[in-house]
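Both complexes below contain chain A, partnered by chain B and then by chain C.
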Partner chain A sequence: MDARTKPATRDEGARLGFRLTLPAQILVLFISAFPLLMQLYISVTDWSPLSGVGWWNAWEMWNSFANYTDLAADTRFWSALQRTAIVMLVCVPAEFLLGLALATLFADDFPGKRIFYSILLMPMMVVPAVAGYMFFMLFQSGGPVNDILSSLTGSPVTIAWLSDPTLALIAVMVADIWQWTPLMFLILLAGLVGVPEDQIKAATLLGANPWQRFVTIVLPKMKTIIIIALAIRVIENFKIFDTLYIMTGGGPGVATETISVYIYKVTTQDLIWGYVAAIALAILIVLSIVAVFAMKRMARAREVAA
Partner chain B sequence: MSAIHLQNLTKSFGDFAALKTMDLEIADGEFMALLGPSGCGKSTTMNMIAGMEEPTSGKILFGERNMAGVPMGRRGVGFVFQNYAIFTHMSVRQNLAYGPRMRGAAKAEIDRRVGAIAEMLQLSPLLDRKADRLSVNILQRVAIGRSAIMEPAIFLLDEPLSNVDAAFRAVMRTELKQLQRQFRQTMVYVTHDQLEAMTMADRIAVMDHGVLQQVGTPLEVYNNPANVFVARFIGAPGMNLLKGRPSESDRGLVVDLGPLGVTPPLPGELASAVRAVRGDVLYGFRPEQVALAKRGLAVPVSFVERIGARTIVHLGDGESAVKAVFENDVGLSVGQTAIVAPPASSVRVFDAASGHAVKAG
Partner chain C sequence: MKRSVPFEIFRYAAILAAMAVTVVPILWMVSMAFKPIGEWSATGAELTWWPKQPTLANFEFVFGHSTNDLIVALDHTALKPILSSLLSAVFGTAIAMSAGTAAAYGLSRFGSGQNLPLALIQLRLFPPMAVMIPVMIMWAFLNLNDTWWGLALIYGIVTLPFAFWLMKTFFDDMPREIEEAALVEGCSRLRVFTRITLPMMRAPLASAALFVFILNWSDYLIALLLTTREWVTIPVYMASLSSSMTGQLYGAKAALGLIAAMPPVIMGIAIQRHLVRGLTFGALKQ
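Entry: the complex of A and B
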């Protein structure tokens, strides 16, 4: 090889690479590490925007982890977390199953498929706050939901959906499922059409019925994409806020107060930002653990399915 | 009962007739190759036998049994796909066990059958390998084993060697032929590669444009092509076909090839058949059977291809192009004129208007 075209030594290359990516690295550090460190710092103080000192001087209000011990004993926090978990455990599986069923339907051809496809994707494109207003109106005691129920049952129905603790939670979950099933559908459809048709035919020729084909060929081939879809929705659903806040404001009482709503209220009403930082950090840790677990599963699934 | 009868089979996709008409009898235990260029309807035929597609009209019988409306999972047909369609997310064992498992066979029974088939196909050491990291010849064996475990009476193979590189194909051909002897099933083999069809098949069905052109043993198809298409398609290179007009001479019936001169007289029986043809004929002979002679057709050499053991000499051009294959280098070079003469016994004559072979006697 010609001496002039010889590539730089490995060390030289690495150094050059480092220099070239330095600005980007600083930027990333600034937008990800800095807020995190700031949050960590504030979370061990009693600092609030009303306390009269800048956040960088928050050390003056050091409270020796009192925020975290308070958090452990905060029943409102724990019940908000529990509510968030319930919403997630209902909504994500429901969105998954509906999405999968729809994807299976749309994997085949039928008349009007393109139109239905567009209609089906629309909820996803509605601004969540607008969706919140839509469902807020739908679920009024004199609203369309009750009208439909009335005409079905033949007697006037006047359920106060958003004022009943249980029904309000159900209404909120219905809105979430309506809005996010399309995303599940879209991701799962992409996975479904990627399943090799020859293998499905081979399975058919070997005597597998449609259900057996689905369980033994289609699902295993879609494993990775299913995990991605579930991970996206679990993380997003955990942060459920806009739709819910507009529909119920977390009420009645605290009946639909999820973790995001709780944080929002503590931030804007109680203004104890040191405590908010502590809550947010605790949640970040929980979500990170979930994410790491999901990634590990995904890597393993890819290995198995490859 | 595993003979296959195709009766007046047709298949159209909208306006396009993929299979215009097909009548074919495949005997029990026979290795039948469906051979033709792409788009000739061979895969369509096979898909209909497998039940992946319904015929537009006509009947498919397995033995005495009409297959109309029988779903593909119930036909007792083993199918080897072009890319083998191995379940890549399973192990070799799970692939082999798939059929019996789907039919609810008992665990012990499945193990026994998988063991037996793996033994037969020399897959035993590979049973617990993941199926996504196997070489092609092993994939082929897994694909065959996966179907064979169901003990199908009929095996359908859809161009299984087309993804394999040329050197390996010879190995795979031998292996496939041996497997067929082992299983003794009726096999239908779709291919566009005449070498595969010639070397493996008991009989070949040559197809073109959705029409069955000829059915016969490899040598029949090679020696006595039924029409111009088969003559040109079979053989590498295909048969030489020169257009000419039959004319009587004092030595007997000859074909006047215009600028190339006059052919040697046709042998007696062929001559009398040719006399019945009105109009032009095509004078055909195999490039391999061309010999250099003192008397014969004089054509200029236009190109010489040397491929080791054989030399292909291209003579003339356009309408009067002739190819000749010699076992070794013949010392002809471009610009020379070669005098070639096909032996009278190997000459075939075709009706230029219809394309059909003129049969002697």
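Entry: the complex of A and C
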């Protein structure tokens, strides 16, 4: 009896599993396979939405890979990429160190912990675009940032933050750090409370000072969590757009133009979509290679964390 | 562990400093939202940190009432953008949650769709900007441009990875005994899923849905590319609150920004327990 019903229910399970996963599979296919092929096709043409022919007839405008050779020589693209890297190299470590410092302060209980914790998490919940408008107001020359600087220095400060190339870049990085340090804090704190207390106690009994305990026990235990937190921020920071675009529009000039802003401008202002498709594909290919490496690490990390 | 008094003093000082940096920008927006136009300041005039004459004029203005100070007429009031944000985020969440929950259950219980975890993380990895050209072409072809349902569809796809991963970890953690007992009783597997598992998972489902809703509500870039006039969302609409004639309508922007910022902040606090799990694709459970 048992032997006869079991294969039947396993079949039933497989069928149901297939049907349950079908909608997700369709959505993934709908957003990956067809768009990728379309992107590949358009990327070898001069097609633009204003060219008067439908995208499927883009072959009439075949340009024998000129988009890709143009890309290699596009200084605006390479400087946007460089700027994206600079923003990432400043913001992610800053967010990490600030988040880690805050997390260590929250590792044990103290009066008011819960309320402080909730308030400190607020920035990451603010809609990024709204944060952009917020920091746009804060960095006006007659705005609060200059007002605070004035009262600190004792003389009136009227810096035009967002119209100076260097200061504008600093301002958008400040906004990013303000918004995403809480995420680092949240994840690192979750990791920190998972470090076994008895090991720390044992080290204390052996005479390790807090700094030694932190470096030799806490940090190694948190390794996978730190990698996950950094990976998340690197991925998201690479896409940086909302706050930055609202604060500066990529300006003054191209002073704060990151990859996403650059692609956005070519898409909506220059309208050369064949070229945009080539840029996008190049980025997708590079990221896919990174993704495969990262996924292997993440999979291992998940096994360790579980 | 007992801590020394100097440490406690240091701790509170550091936390208070962090709190100040966290809260001041938000409070500035709140303050701006209630300031009459004369106090919006900018150059010359003295900066007022708190409105001297608090007013609701900014809120009335974005909903279409012109006031004595703000006599400019708005082309569109903020009502439709709010509706657009709401509809696209809610239905986007519905799409992501239904497809994601079903797929997560299929994988967790029957091992179907082994390719999905990786495919969905990859989907999350790519900058939306790098896949938007085909999406814009497809959406134009399907007549989905500048509609809230078009936005809802792309939101549903973009946040599917989060819905899927969150629900997968919840299903993986769930004890199987009750499901197995129901199977022995003769329930079909589909009935077990819809009548037993889903009702039991009401709380995790709600948390995951709120998490996905926050993500959808927070979008700017996709709406900027896919909506132009009729169904612009709140962040896109906010750009229209400045013109060469009026300059920046700071107060109006702050008022609308405050309205947009409220729901995610409240929901975020409500699902604080699950934030880590959601943000790390289930790699970490707080």
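We adopt the following convention: the second predicted complex is superposed on the first by the 262 of 306 C-alpha atoms of A that agree within 3 Å, B and C clash if a C-alpha of one lies under 4 Å from a C-alpha of the other, contacts with A are read in each partner's own complex, and residues count from 1 in each chain.
Basically, a residue touches a chain if its C-beta (ideal position, glycine included) is under 8 Å from a C-beta of that chain, and two chains touch if they have at least 3 such contacts.
Remember, it's a predicted structure, so these values are computed and weren't measured experimentally.
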item: Which of chain B and chain C A:Phe214 touches, first, second, both or neither; value: neither
item: Contacts of A:Ala202 with chain B and chain C, given as first, second, both or neither; value: first
item: Contacts of A:Tyr68 with chain B and chain C, given as first, second, both or neither; value: neither
item: Of chain B and chain C, the chain that contacts the larger number of chain A residues; value: C
item: Residues of chain A at both interfaces, chain B in one complex, chain C in the other; value: 305
item: Contact footprint of chain A on chain C as seen in their complex; value: 1, 3, 8, 11, 14-15, 18-19, 21-26, 28-29, 32, 41-45, 47, 49, 95, 98-100, 102-103, 105-107, 109-113, 116, 118-138, 156-157, 160, 164, 183, 188-190, 193, 214, 217-218, 220-221, 224-225, 234-235, 238-239, 250, 253-254, 257, 260-261, 264-265, 267-269, 272, 275-276, 279-284, 286
item: In the complex, chain A residues that touch chain C; value: 9, 12-14, 16-21, 23-25, 27-28, 30-32, 34-36, 38-39, 42, 55, 101-102, 105, 108, 110, 116, 118-135, 137-138, 140-144, 147, 158, 178, 182-183, 186-187, 190-191, 225, 228-229, 232, 235, 238-239, 241-242, 246, 259-260, 263-264, 267-268, 273, 276-277, 279-281, 283-284, 287-288, 290-291, 294-295, 298, 301-302, 305
item: Of all residues in chain B, those that touch chain A in their complex; value: 50, 52, 72-74, 77-79, 81-83, 85-89, 98-99, 102-103, 132, 146-147, 150
item: Residue ranges of chain A touching chain B (in the complex, touch as defined); value: 196, 198-199, 201-209, 212, 216-217, 220-221, 304-306
